[in-house]
Amino acid sequence: MDFLTLLQLLDTTVRLATPLLLACLAGLYSERAGIFDIGLEGKMLAAAFFSAAFAYSTGSVWLGLLAGIGVSLVLSGIHGLASITFRGNQLISGLAITMLAGGMTVLIAQDWFKQGGRTPQLEGAARFEPITLPFAETLREVPFIGPLYYELISGHPILVYIAFALVPLTWWILFRTRFGLRLRAVGENPASVDTAGVSVVALRYSAVMICGVLCGLAGAYLATALQAGFVKDMTAGRGYIALAALIFAKWRPWYALWATLLFGLFQALELRPDLIQQVIGVKVQVQLLGALPYILTVVILAGFVGKAIPPRAGGEPYVKER
Amino acid sequence: MTAPAIELKGISKAFGPVQANKDISISVQPGTIHGIIGENGAGKSTLMSILYGFYKADKGEIFIKGDKTQIPDSQAAIAAGIGMVFQHFKLVENFTVLENIILGAEEGRLLRPSLAKARRTLSHLAEEYELNVDPDALIENLSVGHQQRVEILKALYRQADILILDEPTGVLTPAEADQLFRILDRLREEGKTIVLITHKLREIMEITDTVSVMRRGEMTATVKTSETSPEHLAELMVGRKVLLRVDKKSASPGDVVLEVEGLRVIDDKGVLRVKGIDLTVRAGEILGIAGVAGNGQSELLEVLGGFADGKGNIRINGEELDLTGKYSDGQSRRARGIAHVPEDRQREGLIMEYTAWENTIFGYHLDPTYQKGILMDNVGIQAEAQAKMERFDVRPPHPKLAAKNFSGGNQQKIVLAREIERNPDLLLIGQPTRGVDIGAIEFIHQQIISLRDQGKAILLVSVELEEILSLSDRIAVMFDGHIMGERMPDQTDEKELGLLMAGVTQEPAAADYKVVDQQFALQDQELGGA
Amino acid sequence: MEKMPHWADIVLIPLISLILAAMLSALVILAIGESPVDAFNLMVQGALMRSAGWGYTLYYATNFMFTGLAVAVAFHARMFNIGGEGQAMLGGLGVAYVCLFIPWPHWSLALIGASLGAAMFGALWAVIPAYLQAKRGSHIVITTIMFNFIAAALLNYFLVNVLRPPRSMDPATATFPEATHLPSFRDMFSTAETIMFRGAPANVTFFIAVAACVLVWFLIWRTKLGYEIRAFGHSETAAKYAGISPVKITVISMVISGALAGMMSINTTMGESERLVLNSTEGAGFIGIAVALMGRSHPFGVFLAAILFGFLYQGGAELALWTNIPRELIVVIQALVILFTGALDNMVRMPLEKIFLAFRKGDA
Amino acid sequence: EPALIFDLGGKFDKSFNEAAFRGAQRWADETGGKFLEIELQSEAQREQALRRFAEAGANPVITTGFAFATPVESVAGDYPDTKFVNIDGWMPEVPANVQLIGFQEHQGSYLVGMLAAMSSKTGTVGFIGGMDIPLIRHFGCGYAQGAKAVNPDIKIVANMTGTTPAAWNDPVKGSELTKAQISQGADIVYAAAGGTGVGVLQTAADEGILSIGVDSNQNHLHSGKVLTSMTKRVDVAVYNSMMAGAEMETGGFTTLGLAEEGVGWALDEHNAPLISDDMKAAVEDARAKIISGDLEVVAYYTNDSCPAYDF
């Protein structure tokens, strides 16, 4: 495999890892605060549809982005209502939200656009276009650095850069700010936060809402940056992969970056059977190739995570009075 | 006269159908220590949690320093100068001491300045009140006593001048408790007001200025400490005269039933909890294990009961027990005649959602006599449960009621009925009367003694020294995973046991256990660690 | 003391939740410009007012009983088996192998063989996540989701590369031999004069599903294994105290769960299409979750809920036949039912408890 | 009143089912008639929909997709007065009231494969299939043969989108596969992938290479950036069946190949600048030869393998 091919593979990895990273960070905020969320998938999907639909009808991708974030926040609100206010089962709530998003997006898309549950193709300002970073063209000929910069680092839509910037930002928020301290505390022992005079409910809702915003970004990225429009079920299990990555990352921001890049790489490899054949020397069945990311996820969860200790109060509603 | 520091008027609180507080009024003068006593479930913690804004009262008013104050949440309580150390600590286990201290009392949006300030203040407070803790230690690595210090520091850091302590001494050795009382004294001198919840009449008499007694959600009396006596308080608490002593014949020990040699237990975090202990229990005797909670007694029981692995040798009636392999589970233990009343009946001994009759076979459910073909003989089990419950005076004697619907004392009787009626060779029993009222305590103690008199071996673990002293035929004291020594109950007293529990000993053999520790550590390494 | 009578907990709350879900669904139908009343009428007409309609309703209900029981058994052991879909796919593979490669003399024997095949393959697909959960701590929710994807790829491989008859372009097996065809309701209930259940796919498997409900009831509430499963589900620490092995219970309950999910494919594969097609499971594994939730994990509740969902499915098909309502409406309704009965049930319970408490105080 | 039953992919898959719908719509527009239709959501509904429509008096009942062959076969006998049509299916014996319509997709694919090879500058052409089923390999196989016929050394890169029906509707993956093929040198990609193709065509246009559409004429989707489309006239088949109505001829097998204009390649104002006269001549020549039988394009089905590409 030559250097350029490698760069192209990594370039694909970055593109495919971005929605995973955004969703993974979304899950990280929520789960660090003690709210498990298997509804990432549904929120992404709803956001993908609304961002595409609004971008199409307004012609502005930014308005689309806002709409995507908006609907994702609504679903987050439902999840919060179920799991914080009404102390319901968080897994079931997440599952229901995912199903709801799956059905509603198609239903609404059909009602609005009559194209069988898809939005029309987006063009121009209704899409996030790749950004060429400064000096990318000039540096291009410099050996090693040039292609690296031009092929891999430059030329992504803005949301990719936002996603990567969110990693250090998340780390900083979690470990260097008051909000982060409280957020982590509420996921470990909500009673400690409560008796310290801080509202558990408010903290958890804000975490769930941040999760909503990030899922909104992830969904908008899928429909308006990676693709030019929405089609049904376009998240295709990314929400679940992001969850697996979150466990693999042991709920830490930097690890989340590496984990999602790894899963992105798996997905990129699936697209390049030729490379796999080149490297391992045998032709791999397509079905095996398609199942590869999932198999590797299981292998990683079973073999390498070791004891990933989730936030101790995770998944349990905070009940003061039985 | 100055306005009272705290005044509660007509406080009521119900948890669903349970009326935890009924129309309670109380007033505490500034600069005094006010005791609150009452049986388990009397509503003490609930009342104080209301004052601290943790629960919201259904009815009633709160006055702080004479001003009517709304306390809808703990924020308001803290603002009103109230601090509380809960019965169950409210600390974040994997945070450092400093992080726990500043949680909710940060200076600004960023942590760094807050941490720096807290570090300064903390060293200051530590000096002033002898409250030393390592500010950078993780809570989960601290002993319970130190965790409690962190809780007190938290309150002081927030400049509380009303401090509520909910059963602070339950987890402390007598010496640690004495130190705590010195601190409380000191705070009182500074003019702070302290509310102290405890069951221990001795402590009330020793340190409080006034004392209130609660019973079944009601405030039955408030008296000056100097004008009352322990007997009087006990009577106020229970509502009748109480016999504080257990009647028993002296033991006539027979053959050795249980032998433990060099037992070591490593918990799931990889910490060595039991560091090589030896003990024996004979038929017809009760061996009491005293010690502050968390010194390895629980792990000892868990290994004997078959739900933790250990290293070393254990023999029952001369036969070796499997400590790690296939036959180290609870089923195999029961098959060898070991019955076990676990320390935590709600989490271990019972399935709270199961009915009483289902619980009366829990652990013995595979017994063929409970089966009818491939199905379980539910009718038979129910009938038997009914009889057992009547014999053990479980109230109400309804086998079809779920375990969670019985009070703590009656839950314990269900567990005892199950374990004792199996007629075991060895009964392991942990904290038999924790959370049980005095009436039931008498009954439970009688059952234990009568089992002993039938010639059964009993290993009793309890953190209540009084209970150990009155039940045991022999007492072993555990500290930090070691047995510090054995005493006969009639040749020792609370003071001596208290010292042993704190790790202070005159016996040279046990004193250099550090060396033993190292030996075992080496052995464990050779065996491949945990 | 309970806050509320038992009947309120098991009847009133699901009922109110269901009504709430139905009301929201009606709003959704209104929003897309159709009449909820007409839609409901059409559903009832098509699903319940003709014997053939019942034949479809019960056919779907059969699937949902199996997957609902599968989820319920796992729930009792406090495990969330989202992998019913994949287990059912593998079960189908088991059925196909049994039916295609063993010369059966009579359908009844074939049915027994196929049940074993389906159960074994389904159990196999559940036992790996169970083992990983018990021994390696890999969260079963994630692994079963992954196993659904892997099952789809595996099934595809078998249908495209192994079992597809030559010259056929359908990724499906050959039609099973005549001797393995199961009697349908039409065969069983038609008389000389009237043909009942004409064309409907309901078949003997329905009775197996009902029998499975009864057996699971016995298993959970009348056997020592059920006793252990429930004990483990309520409290793992207590289970350890009693000498109940967490690994054993995790694995066994998932084996049972997977076997039940796998057996669903008898109905679809042997009973209906009489060959194995690629997407014979059609999301029934997920609907099983809703069914188990609605049925409060009790086999009788699962039975009723399965029939309800069977009605929704068949009614939804009728809607699609005669109106312009997209098929996703049914997905939305399902999601709403899961949301209200599963996640938001406290929204109903909390005020209800207050009411009952007030009544009781009034009495006292 | 005719009825149309769409396969599980759904009515608006931008290719196969949608073409059927367009044919029906054209019939409705021209005759002012109405037709019944349903999108299936489950396997069991295949028979149900057939029976319900037959009972409601619909005639003919048209089904799209090979998966309907078996259900049609078993239902047809119960409704002798109803005519059934199945597109793409195959059955050993065709009942008297059933008509099967099939297309010679490999022939059309052969032609677009030639065009691809002729306009490729890199010597590498790509193929992106939807779900990995024999039918799609059949498309790919014709394409590979066509490309090889022009340039025996040509490199063919083929990928399938997936193994589940979701593969018909995964433009994200279609798009990534396109990028992956571009990085392997492909400068033309042929998408036979239903809705997934939308992503393929989009990315090809974005990245400045050419693409080839499928089923419908998709040249207009990205004018000047779609080389051509392999048309499969499902719409015509449906339209004709509906026109014939209850009188249509049944009991046999209609094969629509190049000769019948059932398949072909699209040339219109959107792609005219991309097709040189030489290319056009070469393709037309091959077309004539195939029709006359001088040139045989091997079907993947013949022995489940392809002489020009190893799937």
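Per-chain residue numbering starts at 1, and chain names A, B, C and D are given in the order in which the chains are listed.
Here is the rule we go by: contacts are C-beta pairs under 8 Å (C-beta built on N, C-alpha and C of every residue); 3 or more make two chains touch, one makes a residue touch a chain.
Quick caveat, the model's predicted, so the values are computed rather than measured.
Colleague: Common contacts of chain A and chain C?
Modeller: Chains touching both chain A and chain C: B, D.
Colleague: Using mean C-alpha positions as chain centres, tell me how far chain A is from chain B in Å, no decimals.
Modeller: 46
Colleague: Starting from the mean Cα coordinates of chain B and chain C, work out the distance between those two points in Å.
Modeller: 46
Colleague: If you average the CA atoms of chain C and of chain D, how far apart do the two points sit, in angstrom?
Modeller: Spacing between the chain centres: roughly 36 Å.
Colleague: Using CA atom averages as chain centres, what separation in Å is found between chain B and chain D?
Modeller: About 75 Å, centre to centre.
Colleague: In chain D, what residues contact two or more other chains?
Modeller: Only 132, 163 qualify.
Colleague: Where in chain C do residues touch at least two different other chains?
Modeller: Within chain C, residues 152-153, 156-157, 160, 326, 330 contact more than one other chain.
Colleague: Enumerate the residues of chain A that touch no fewer than two other chains.
Modeller: 117, 287, 290-291
Colleague: So which chains actually touch one another? I want all the pairs, not just one.
Modeller: A-B, A-C, A-D, B-C, C-D
Colleague: Where on chain A does chain C make contact in their complex?
Modeller: Residues of chain A touching chain C: 38, 78, 81-83, 86-93, 95-97, 99-100, 102-104, 106-107, 110-111, 117, 237, 240, 243-244, 247, 285, 287-288, 290-291, 294-295, 297-298, 301-303, 305, 307-308.
Colleague: Show me the residue ranges of chain A that touch chain D in the complex, using the header's touch definition.
Modeller: Those in contact with chain D are residues 5, 8-9, 12, 15-16, 115-118, 121, 222, 226-229, 231-234, 236, 267-268, 271-274, 283, 286-287, 290-291.
Colleague: For chain B, which residues are in contact with chain A within the complex?
Modeller: Checking each residue of chain B against chain A gives 15-16, 52-55, 73-79, 84, 86, 90-95, 99-100, 102-106, 108-112, 114, 154.
Colleague: With touch defined as at the start, can you tell me which chain C residues reach chain A in the complex?
Modeller: Per the stated touch rule, the residues are 28, 31-33, 80, 82, 132, 136-139, 141-143, 145-147, 149-150, 152-154, 156-157, 160-161, 286, 289, 293, 326, 328-332, 334-336, 338-339, 342-347, 350.
Colleague: Going by the contact rule at the top, pick out the chain C residues touching chain D in the complex.
Modeller: Answer in residue numbers: 52, 56, 59-60, 152-153, 156-157, 160, 164, 166-172, 175, 198-201, 268, 272-273, 275, 277-280, 282, 313, 316-317, 320-321, 326-327, 330.
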